[in-house]
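I've put the structures underneath this note.
One chain, chain A, links the two complexes that follow: it is found with chain B in the first and with chain C in the second.
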Partner chain A sequence: MATANPITDNTQAAENAAADVLVLVTPMAPEHFKGVLANLGSAFSSGSFVVATQNELPADIPSSVRIVATPQSSAAWALKPIDFVNAAQYGRVHGAKAFLILGPEADSLSPLALRSLADAVLSASIDLAVPHYSLPSHAGLVNSAILYPLTRAAFASRVRFPLSIDLCMSPRMAERLAGVASAVSPASQADALLWPVNEAVAAGFVTDEVDVGSRAMPQPSDPDVNSILALITGSLFADIEAKAALWQRPRRPPLVRRPMVEVDLSDGTADVARMVAAFKLANANLQEIWSLVLPPNSLLALRRCSTLDPVAFSMPDGLWARIVYDFLVAYRLRTINRGHLLGALIPLYLAWVAGHINVMASGIPAERHIEAVAAAFEVDKPYLVARWRWPDRFNS
Partner chain B sequence: MQNTLNNSMQQATQSITAIPGSSEDASIWHHMSEALNQSLYRVLTLLIAVLPGILAFFVALLVFATAGVLISWILRRCLSWAKFDARIAQKSGTDWAPASSPTEIVARASFWICVLLGLVIGVSAFDTSYATGAPLPISLLPYLTHAVGAALLLIAGVVVARFLARSVLISAVNAQLQYARILSLGVKWLVLVLTAAMVLDHLQVGGNIVELAFGILFGGIVLTLALAVGLGSRDLVSRSLESHVEHTGERTHIPDEVPTASPQIRHF
Partner chain C sequence: MKKIASATDPLWYKDAIIYELHVRAFSDLNGDGIGDFPGLLTKLDYLQDLGVTCIWLLPFFPSPLRDDGYDISNYVDVNPSYGTLNDFKAFLGAAHQHNMQVMIELVVNHTSDQHPWFKAARLAPPGSPQRDMYVWSDNDQRYKDARIIFTDTEKSNWTWDDTAKAYYWHRFFSYQPDLNYDNPLVIEEVLKAMRFWLDMEVDGLRMDAIPYLCERDGTSCENLPETHAVVRRLRAAIDSDYANRLILAEANQWPADVRPYFGDGDECHMAFHFPLMPRIYMALRQEDRLPITDIMAQTPPIPDLCQWGLFLRNHDELTLEMVTEDERDYMYFAYSADPRMRVNVGIRRRLAPLVDNNRRRIELLNSLLLSFPGTPILYYGDEIGMGDNIYLGDRNGVRTPMQWSSDRNAGFSKCDPARLYLPVVMDPIYGYPVVNVEAQLSDQSSLLHWMRNMIALRKLFQVFGRGTLTFLNPSNRKILAYLRELDQGDGFRQTVLCVANLSRFAQPVTLDLANYADHEPVEMLGYVRFPTITRDPYVLTLAPYSFLWLELQAASVVEEMPAA
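The block that comes next holds the complex of A and B.
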């Protein structure tokens, strides 16, 4: 991870030299950083990029790589607001035309992927190039269940990973995100998440996805779903609440969708029974809280789900979409304490995961199921808009 | 006013004494009517003395409530204009999670502060007029301030009990504890019993009986919870001890019961 004296004197020449691409590399282990530098050297021609980082430089660094020091900050599993501020600041100094931010363990991205991300901004006039990772079907489940479908329905964006930990931006996009990041108070910098796709849609900038293949995804220091789900979902809900005037306007999602990439899922043998048991326990105990958030028809559907055996367990896509929408509306209305609200969502999310795993076990590709879920979110968007505007109409 | 009252009472006495009957009956009637007259006189005098205070109380309450409505409206507009909610959200992150927005809370707080101020000023005016005008003490009046304090204690206790009960229930369910509801109810009743004891103590009702009853109830609930948790976690403790015996000298590892521990599932 980051050390106290990372930058050597031979980087002085890079301080103000111009470059096409500014690469901001977030704190990571020395071996990972070494791999990132090697891949960058292969992806870009010498002198066309500058690396801004706080990582300790490896001993055998190529002389062609120009590096500037950034202020020390703690390592994190996702991009932090300070990363966007630093990228904009150093990119401005070097007159960069593309701002590439690489998250932890970015050495698993190939040189071709890095080049493709930068080319999307440099050549294709894209403002925000977001990677499309090829992850195992049992990974990134919060993204598949909530982040992707909700972002797609609300902001009409088909970006598969709205909370990607690598991205490439144009100067104006970098300035906008730096402005948003600057508004985050220092006290909440450690936990704050930015939503670049939502910002790009709000600004009317062009967004596109770039296939980057597989990538090692860094995990939060606390892998407990209780904390991850509350943090990520709460942040997205807050962002959607802040942009309510934007997403309530009807938008047509882009029609073109890249072909689904199926990844081998033979490594996954998740404990569906345990997740279903967690849901059943919650169904028996949390009715009082759920009834404050969910309409009676959803509660009835959940009761029916709770009678299913683990092997046959499934949660209908439409039901899941309405549950997320109802929780989003309750988050906005502060029906109950927001911590309690997100805590009460966890068993429902586990139920969706159990159903998703059963769907995959039945032979249906994971991506097809996720696309069906996202489509259900799109179809039910009028329900969200109606409840957002007239929350008292509970049984609409 | 007092002259009018005296006149009316004398007329009433004369009409009573004019009733025909024996001399003993007349004497009884006379004493009764005199006692009634004196009582009526005292109560009416007290009411007349207190009436301006009551009026002052309601006027003060009305004026300050109106001022509160006005101030809260101005505050709401100003804070909305200054994007107060967004600023607070930025500073506190996602931890700020009360049932209302910060602007709404500030506006409501300002209104209720004004109402409380009106209440204090009204009670003060009432108290002044009562102290000067009342020839007899009324034992219920000192209870008024205690009752207000007790009511506030009760409201705070119920709110805290509800919040803690929900927190415990959700955490216990997410930790897959089968006795989640019992735990939640136990916490809720612990806080409620504590609140009830504090309220009674504040009202100075019951004395030692309340303390004793509180001790017994509180101890009983804690014992019940301890038994519930202990019996429910018997298997976990057994496994832990067995593991400790098998790996003497090594760090005891208790299996994580949280469903997220499955290494195959990655939520992010």
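The block that comes next holds the complex of A and C.
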């Protein structure tokens, strides 16, 4: 846990200095922080940026880097509300035109990537520049399975990583997110997540993606997929519920399409058999809960899936879309305790992952499959809207 | 700095769903047979789940209860039968935490004859400020042109008081003497009472019987300029010290006479649209939209910050004051075959019995309530189709205990049934074993679920509370069709076409929608796409008593949207 050094002459000079870019660097290990500072020094000209951070200052700070200390907060694997509050506050003080937030292990982002994020806001009048990471095919699967397709269908946003660990904002975007962050109760601060892309759509702001290449993704201290999935999915479901009047408007998706990025598949093996076994066990034991949430056709389709061998296992894209939509509706209706509900989604998610891995093993690029899944979510959005407005369970 | 209550949007009342209830009728926690504030507090989850955003409380102040609390003997306390002031504060805080505003009554046209002001006035010398808190006369000949409102019980607007040795003026019951607004002391006291509750963070005040505040000889004593001056004074006092509050006018008048109660945005924020309500029932029974379109044509525009309050039923009789004699007779024939159903100039029945408990009619009327321009006001119990008891006196038949379950006393109270403030409804059709919240919560096809879904749908679209209204006039008069439109100021325009079949038989209709050519109607409940509109007449067929809400989506957006 980083502790703040006494403020040096360097930082005293930075206290109120103007800067084009305010860079908020979240808590990270010292070696990573040092790397971030070096990359920032390479990316931006001296005097054009200020770093706001609580990280311990390295002994040999590049002279071009001006640093101000932020209040202490605990390290996390995702951006926290306090990060947005701090970014807006310090950016305001320094008259910044771009607010760059860098999450843990951001030293893996190249200077070019950092510069590109800032330029999107400074030069292209983008309000929210979101990184497009090049990740191994087995990384970020919760995002691929749920976050991306759901935000794309609901908010007509093609941002591939809606819960990115880094982003760059315009002043008005920063203020908006700081406002949202400030509304989070103190008791919820530790687990709360903000959804910048959704907020940008709600505000009518301009969003764009920036290719940043590969990035090391921070891992949570407790890598329990159950709790992580429940936290992230529950947070997104809650945000979608709050913005119901917005995403039910007819909305034209942005025309810009990112090229598919082919990434090396060989990042280790995944235990498909274990995931399929978990799904089959749940299919036997969770029928009572699933039947409260899913319509007969979906339950029947899942039963068919449960008869497949791990090697041949797959989950149809349309089925997965409906499952997520029905869980979203059940979340809103509080059909059952929300914690139990999200827990019941996990084996279904594992089933999707197993199917996704099998698709890749068959030679189909991961991104192509993910795009197909996202398209299935888009096609079936009317189903979500209809179920949302008329949650009668006497449906097919 | 102005004191804010719970609402952050100054125009919160335009998007509100108001629920009218009587504390004594809702839930009894202490087992004395009378509903109370602690009991009401336990039901806030239910109301929030229903979609209610504002609770309107009928009078809960100390009162001899000869007019169900509208005869007030103390403006700044709570009737002990309903709890204490602290109980009210606890309820108010909890309602705010449930994201609900609270509106209370400001019954300032008259007090109870048991109010200390009146007791003092009777004894005070004529001409003294205490005496002049009320309107006195040596004879009963003044204000002869003022009509009698409670025709069933009162023969005159004057009553002789033996102690005062004079007549006192009352537009309502004789035990409700009218306050004298020509006396500055009256306004001072009314302002004090108002501030007492507003300081507590009450969000709204319903001004009961507002047209009758002032009297002048040679007039009807209704809607006088002096009355409007009083209202402006009260509004100014609120605006200077409080933010985001609401005054709702109860002015049972023709639309043109209600319009002045909005002023230039400097009188009341809202007013009930009384004349529309009976005409909805007329239109339904006659299977003809004319009564509705006619009264809406007579409804003048109101200031942008103001709003109509719409309702199907309330705690009073279904008033037939603002209809013609023929229309009144028709309504009596149509909706109150039994003379016991009539009281004063109205019909004392609830919504469901009025329409013979026909589910389709109930849904149709609620679809109008939720889609017409204004803020809908639901009467407690109508969301589950509660019945009434016409054998109870006055308007008590529509004020029976809320029916929560099939348990003893409908789950309203655990007391000895004989102790209930009024008996629960127990006939075979509307009785509490059949019609209750618990049963309907577990029945997905219930009226309660339907109401909840419709309210939720309405809340998704600001056009219903803030948009314009344009009637389409198809040749088939059994069809009521209208457009609601709203420019949301962010480049997005909401356009909703509402089509209602007032007939018990299926009906065809062709609509001229040429102005919306190339728009695609999307049925809003099931998100079903209908054929794209062209310059040709648009043909629809509607089932008996059915309605359609169609969002007209522009083609430029639709062509990019995925197909259903």
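Rule of thumb we're sticking to: the second predicted complex is superposed on the first by the 385 of 396 C-alpha atoms of A that agree within 3 Å, B and C clash if a C-alpha of one lies under 4 Å from a C-alpha of the other, contacts with A are read in each partner's own complex, and residues count from 1 in each chain.
Here, a residue touches a chain if its C-beta (ideal position, glycine included) is under 8 Å from a C-beta of that chain, and two chains touch if they have at least 3 such contacts.
Computed from a prediction, not measured in an experiment: that's the story for all the values here.
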| item | value |
| --- | --- |
| Superposed partners chain B and chain C on chain A - clash or fit | clash |
| Partner chain in contact with A:390 - chain B first, chain C second, else both or neither | second |
| First, second, both or neither for A:204, with chain B first and chain C second | second |
| Which of chain B and chain C A:365 touches, first, second, both or neither | neither |
| First, second, both or neither for A:310, with chain B first and chain C second | neither |
| Touched partner set for A:248, first chain B, second chain C, both or neither | second |
| Which superposed partner A:224 touches (first chain B, second chain C, both, neither) | first |
| Partner chain in contact with A:41 - chain B first, chain C second, else both or neither | neither |
| Which of chain B and chain C A:382 touches, first, second, both or neither | second |
| Complex contact set, residues of chain A against chain B | 77, 136, 138-143, 183-185, 187-188, 191-192, 217, 219-220, 223-226, 228-232, 234-235, 238, 242, 267-271, 274-275, 277-278, 281-282, 285-286, 289, 334-340, 343-344, 346-347, 350, 353 |
| Chain C partner contacts - residues on chain A that touch it in the complex | 204, 244-245, 248-253, 378-382, 385-386, 389-394 |
| Residue numbers on chain C that touch chain A, as the complex places them | 444-445, 449, 453, 456-457, 459-462, 490-492, 522, 524-529, 551, 553-554, 556-558, 560-564 |
| Sites on chain B touched by chain A in the complex | 86, 89-94, 97-101, 163, 166-167, 169-171, 173-174, 176, 178, 180-181, 184, 258-260, 262, 264-268 |
